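Provided herewith is a single structure, encoded as structure tokens, for subsequent inquiry.
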Amino acid sequence: MTSTSLHPTPSSRTVATEQFRAVGLALRTEGIFFVAALILFGALIIVSAVRFAHGDHSPNAHMGFRYGSSGAIPMFLVGLLIPFGVWRSEDPARRSYHWSMPVARGPHTVVKLLSGWGWLMIATILYLLFIIAVAYSVSMITGEQPWQRPTPAWEWAVAFTAPTLGYLLTSIAVIGSDHPWRWIGGILIGYGVLLAVLKSFGMEDIARALNTITDGRYGLNAALFGAVTDGARGITVGVTREAMATMRMATWVLAMPLWIIGSAIAVTVASYRHRE
Amino acid sequence: MTSSLPTRLRDGELAVDTRGLTKRFGDQVALNDVTLQVPTGAVYLLVGPNGAGKSTTLKVLLDLVRTEQGAAEVFGLNTRERAPEVRANVGYVPEFPTWGYGWMRVGRLLEHHALYYPTWDADYAAKLMQKFDLRTDRKMGVLSKGQARRVHLTMALAHRPPLLLLDEPTDGLDPFMRDETLGVLADHLAASPTTVVLSTHHVEEVEGLADHIGVLRNGELRAQMSRDDLNAGLRRYRVEVPDGWSGVASLNGTVLRRVAAPREVQWTVWGPEAEIVQMLTGSGGTVREVARLSLIDATLALLNPND
Amino acid sequence: MLISLDPQDTRPIYIQIVDEVRRALVLGTLAPDGPLPSVRDLAVKLRVNPNTVSQAYRELERQGMVYVRRGQGTYASHGQTDGVERRTLAEGVARRALHDARRNGLGVDELVDAIRSYEAQRKQEEPV
């Protein structure tokens, strides 16, 4: 038996395509629920719009939409939870199937990660199209403008970056450990408990310093939704809406890449790390 | 003919060549200086009690487990540095039946697996599915242990890899399916040149297929040899001894078992037959029987020596 | 021709296959020029390594009991080997019987006497 008759490894293209299809299959049930939820929600809104158009409302009420960065919250939650669907493997033995394929483990894990992200972005596009469609449908029914206020471009972009960040963060735990819930729960509870303990001992300064992880200028909220809190709150009184919006965008533009690049590095390290 | 149990094979082309594999899980030693040698084209039976390190050894070959010391090569490829190439040439049946995506249907999983192995033979896969009485529409997660095992066998055989690593391939199968599996393996060997390393508790089943044997105990490779050498060197001697027999000083071999009754002693010894018979006769005993051992009896003697 | 292996037989399997073919030839269940199963078919039937079956067929060819027709398979040789094979079979039976006798502490003469008297007794008990 000579080495010339050794079998080849699969091509990267075949692997990438198949992983994308397989992950899509894994998420099929979730996808159906997602689309069903959108349709249901849309139907409810349209029904209200119809009733509104027939005068069935209080004098000062109106049905206008305003889409802001907080509109990305549902997709953010989807992004947080989807890795559990992508890596649906109840025990280490099942997980080892992915590792036994004739592909280098690190890149193979990243390919699966990216496949899940691809489906997440498709879901986000669907979500935004749905919102726009509902807004314009309601506008046609009620005769009002579809948008109360124009939405800046960056707030539309948040719909893509927030779920991406949520997806990456959860993926670090799911890829990096056998018990991701322990890590996620542990970090969240630990963070909350630590803050409460520090405050109760009167160590306000240390508590505030710790709190910048979520609420600071480069914190998680800033990275996700451009939220400006805590340190900046003191100066929001008397600030115009436009100036506020610019400040929020400014924080988001800096914080978002920081967090996304950081978590991308972490998840890549987790993907390449040898585990048994 | 050596007088101590051989642990190294004579020269030859090796499909699997490990050198001094040592692996610890915490403070438990799973593998201790294991040097496995599987000649190309051999059907190598790896025996040992549960926890002896058989599954771990197979996983090292696939780079699923990494050792602290030692190296392994499959077809001359380092298992750690060139792991994807090694895995492309291996058909693996793992010890756990929960392998493969539980939410995927059998047919879809085979499609998935096929894309990773360009040499996949779809007709052969269909034939195997039929032989193993498997349906493509059931989800992997709801299959019984035996059904899952058969799916894994199909996955391992259908791309006709040069090396098969089978960890308890008949585990969980009913007697009929176990027999069918052996037939499938024999047919597979006849059709494609394949090296096989398999571990099984049902040693008597592979009596006809195995031509090499390796004995693992507590992570150590106690013996490793071809069936021919085993047949030539291992004997059970039944000796009638007189009253007041003083015993025999030494036998030029490794005594694996010794059972004594009032006028009769039975030895299981690895060593040169003629010399051992001479020593036994010389000590005053009458050699009544010199018997070869079946594979299962030989395995038991090698696994549980009571010297 | 039916070939089966005795799980209790500890001799190398290729030797057992050779003996089974010899038995078939002597008994006539394998006629001269009759086909033997292919290596693959016999390996599958017996759940045996194909290399072992090949080894048996090579040994059979070496001993002149079979011949190979290029591209078509293995066939039984013509009957002049009959006498030789009968003697070889008898030697095999004798070897096994003597091995058993030794194990039980019996000598050759004791064994032969026992065989003759047992056969005589059996003939007496046979219904006419």
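All chains are identified by letter, namely A, B and C, in their written order; residue positions are counted from 1 within each chain.
Operating definition for what follows: a contact is a pair of C-beta atoms (placed from the backbone, for glycine too) under 8 Å apart; a residue touches a chain by one contact, two chains touch by 3 or more.
Here the structure is a predicted model, which is why all the values come from computation and not from measurement.
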Most distant chain from chain C by Cα centroid: A
Most centrally placed chain, judged by C-alpha centres: B
Length of the line joining the C-alpha centres of chain B and chain C, rounded to whole Å: 30
Approximate Å spacing (C-alpha centroids) for the pair chain A, chain B: 50
Whole-Å gap separating chain A and chain C, where each centre is the average of the chain's CA atoms: 76
Residues of chain B touching at least two other chains: 41
Partner chain B, residues of chain A touching it in the complex: 1, 3, 5-10, 14-15, 18, 22, 25-26, 88-91, 93-94, 96-97, 99-105, 274, 276
Of all residues in chain C, those that touch chain B in their complex: 5, 7-8, 10-13, 39-40, 43-52, 99, 102-103, 105
Complex contacts: residues of chain B adjacent to chain A: 13, 15, 40-41, 62, 64-66, 75-76, 83-85, 87-89, 92, 94, 96, 98-104, 108, 112, 115-119, 159, 161-162, 193, 195
Contacting residues of chain B [partner chain C, same complex]: 41, 43, 179, 182-183, 186-187, 189-191, 204-205, 207-211, 228, 231, 238, 240, 288-289, 291-294
